[in-house]
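Below, chain A partners chain B and then partners chain C, in two separate complexes.
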Partner chain A sequence: MHLEVFAEGRSLLHILDPRVKIVSFTVFVIFCVGAKGFLPPFVYFLIGFGLVFLAKLEFKKVLARLLPANVFLVFFWVLLPFMYKSNPYLIETPYLKISAEGVYQALLITLKCNAILMATIALLGTSNVFMLAHAMLHFKVPAKLVTVFFVFYRYITVLHEEYLKIKRAALARGFVPKNSLQTYKTYGYLVAFLLIKSFERSEEVYRAMLARGFKGFFPVLNHFYLKPLDLFFGFFFLTVIFLIFFF
Partner chain B sequence: MEKIIDIKGLVFKYNDRVVLDDLELEVRVGDRIGLIGPNGAGKTTLLYIIMGFLKPLKGKIIILEKERKEEKDFIEVRQKIGLLFQDSDSQLFCPTVKEDIAFGPLNLGKSHEEVKEIIDKVAHFFGITHLLERPVYKLSGGEKRLVALAGIFAMNPICYLLDEPSAGLDEQSKTKLIEFLKTQSTYLIVSHEKDFLKEVSNKIFKLEKGKLFQLL
Partner chain C sequence: MHISEGVLSPPVLITGWGLTLIGLTIALKKLSHRKISEVAVLSSAFFIASLIHVPIGPSAAHLVLNGMVGILLGWNSFVAIFLGLLLQALFFQFGGFTTLGINTFNMAFPGVISYYLLKRFIRGENQKLSFISGFLAGFLSMLGAGFFTALSLYLTEKKFLILCETLIIAHIPIAVVEGLVTGFIVVYLLKIKPEVFKDEV
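Right, the complex of A and B next:
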């Protein structure tokens, strides 16, 4: 599994200092969530879109990431218009009332959610996790927390690799899933073995880390240097966000 | 049925790195092929493509005289060609050795009686009768390799693909492996050990820069 599909690239957002991106992202999220009216959230949505464009990411891949979240949002569109009891109604019959306020709320949630997702992909997704963990250390996030975050992330991939290996092993010996006891037994074995193997693997990796002098935190090799471009981007981006929010 | 595997114009890339470039490979009944090549040359990739785990960018894969393209085309391939993984740990996943050996034959639709017979036969052949009830994750490296091989042998494939079967084996286990190979007629072995390959193969290919070159 390739989790860092967006981290490879040479766009402006890829070369920015991760610290600037984290600050920009955090402020963006806070203001986007708090934005009122229709226009500000819509402009934030456009900014999210613009960031994806600026990061020169493949739209197909970005859309593939946005899709699951939007499937979830469909429920808001189905439920909210019927839940609000406020006037005015878009459609009003004795049996069916669709509230304009409900539609508006669903729209707002959709806009904000997609804006934040796109900003996450474009700002955080364009750094690899090691850089983000490193940047978190600079923000005085406790080293233990950062290590947990990093190792956790690192092992999602390992778990997935283990899963693929076991699946291949089963397929290689002619396993075809059917509705049979044999199939369910096999799946049971797969899951059980996945647990055992990931546990063993983690122990082994831990031993390998200890063998190389691991003391509970990751030492940092390359340090960040703020470039004028970083400062300019951060300043410009934050100003735009403030301006949109207050006008 | 002369040709078991017939690959033409195979191209495979990992991201932008070309691993296999217009590769040709033929495996006929009776071929005992040795495959060598530097690390990262794409030997395992080639085996995975034959088994349908990886999809090539270009090229024709004809196995058992049928072109294989989609996942469902490879079901038959996997039943008839046995792959020994480079890392035995990735092959064994059933709780006990016995169940692991039974896994393949059960997938072939054998009855429980037949499977029991197969287990006995295979265990005798490899001299692992004493391991049958043991959990697979507690075996030693060499034992794991033998059990993995036994699991494939139990399916009686018409052709074996063995990914570094001799790596990490002691003399005794290696002798067992060579004995086993002498009873088989068709296989393709990936290995770095030239002496071992000379002993067990009648053709040796080198995989380099995405192409195969015949050395022997």
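Right, the complex of A and C next:
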């Protein structure tokens, strides 16, 4: 399973220090959520777009990633315009009243959501997972949690292969998913089998870790060095975010 | 259901992060080095399980299994669900980072409750009772998650009430399926590897 689709590439955002990107991202998200009025969220949306552009990512792939969240937002577009009972109405008939405020709220939610998602892809997605986890240690995230994360991430691929094997076995025996108790039973047994496999695997992992002298954390081999470019980007980005928020 | 970015109000988001941090702190305090690999690999398994789509009526939904996570991992549900959602936010853009706190709590907390209420009834000698406990764990945890999600939306904006009601009703069929699948998982595990239920997490 290939998860880090955006991590490989050559662009400014790919070579920046992950710590700078995490700080920039966090500040961006906080200000974007808290933004009031129409203009700041709209400009944050443009910045998100700009970041994707700066990261030189394939736009089609980015759009595909934005799709599920926007499907969720459709609910708000369908419901909000009818839920706000206030003037002025965009459309007003005895049977149908579409509130301008409802449409406005749905638009704001959509702008903010997409701005943050694009920033996620462009700022965090351009580092690989191990660099991000390493950076988390610098931000005093407990080493235990980061260690669990390392092993968790490592074994997703392994267990996914395991799952595909079990699924293939089920399909080979004529399993067709339907709305039936049999289907749910099959899925239950399938997942249970996966869980047993992971229990056994985790025993092996533990012994392998002990054999390598595990003392509760993973030592990190590559270290980060802040470059002038990192500081410049961080400073510039944060200044822009602050200015937009207050003006 | 994971709530996307930009929907919830800052107080709800902050409360969600606060509750999740408390849950994570309790979990990590209790987590011994011996258990790190177990919690981690089981979290991967539950992550994979959440990619499985199960038919429900004319539609399909992916498994969540937060009840099963709760029964097997107890407080470590917070760790498993937090990491799963983190990856989903990072790689699939499901949910998000601001909502990571509240979404984790909404799903993990009902799981922890099932751990304390229902795990004791899961015993090898009584298969029926074990299945029913598994079913209840899956059913109630899913319904609980739906309820907390609706509550988060409602606390953001009182006008979301209809949306919240729809959300809870939509969770009922999913909860039934979650319950059934969880029940079958419990029965199978008891048959093949009952020791997974014995250990204190």
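Just so we're on the same page, the second predicted complex is superposed on the first by the 219 of 247 C-alpha atoms of A that agree within 3 Å, B and C clash if a C-alpha of one lies under 4 Å from a C-alpha of the other, contacts with A are read in each partner's own complex, and residues count from 1 in each chain.
Convention: contacts are C-beta pairs under 8 Å (C-beta built on N, C-alpha and C of every residue); 3 or more make two chains touch, one makes a residue touch a chain.
This structure is a prediction, so every number in the text was calculated from the model and none was measured.
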First (chain B), second (chain C), both or neither touched by A:Ala172: first
First (chain B), second (chain C), both or neither touched by A:Thr120: second
In the superposition, chain B vs chain C on chain A residues touched: C
Contacts of A:Phe76 with chain B and chain C, given as first, second, both or neither: second
Partner chain(s) touched by A:Leu145 [first = chain B, second = chain C, both, neither]: second
First (chain B), second (chain C), both or neither touched by A:Lys97: neither
Contacts of A:Tyr189 with chain B and chain C, given as first, second, both or neither: both
Which superposed partner A:Lys56 touches (first chain B, second chain C, both, neither): neither
Chain B versus chain C as contact partner of A:Val33, first or second or both or neither: second
Doubly contacted residues of chain A, that is, touched by chain B and again by chain C: 189-190, 192-193, 196-197
Partner chain A, residues of chain B touching it in the complex: 48, 51, 53, 75, 78-79, 82-83, 85, 87, 89-95, 99, 103-104, 106-108, 137, 151-152, 155
Complex contacts: residues of chain C adjacent to chain A: 3-7, 10, 13, 24, 28, 31, 33-34, 36-45, 47-49, 51-52, 54-57, 63, 65, 68, 72, 79, 83, 86-87, 89-94, 96-98, 159-160, 162-163, 177, 180-185, 187-189, 192-193, 196
Chain A residues within the chain C interface of the complex: 3-5, 25, 29-30, 32-34, 65-66, 68-69, 72-73, 75-76, 79-80, 83-84, 108-113, 115-117, 120-121, 124-125, 129, 132, 142, 144-145, 147-156, 158-160, 162-163, 177-179, 181, 183-185, 187-199, 201-203, 205-206, 209, 214-216
Chain A residues within the chain B interface of the complex: 165-166, 168-176, 182, 186, 189-190, 192-193, 196-197, 200
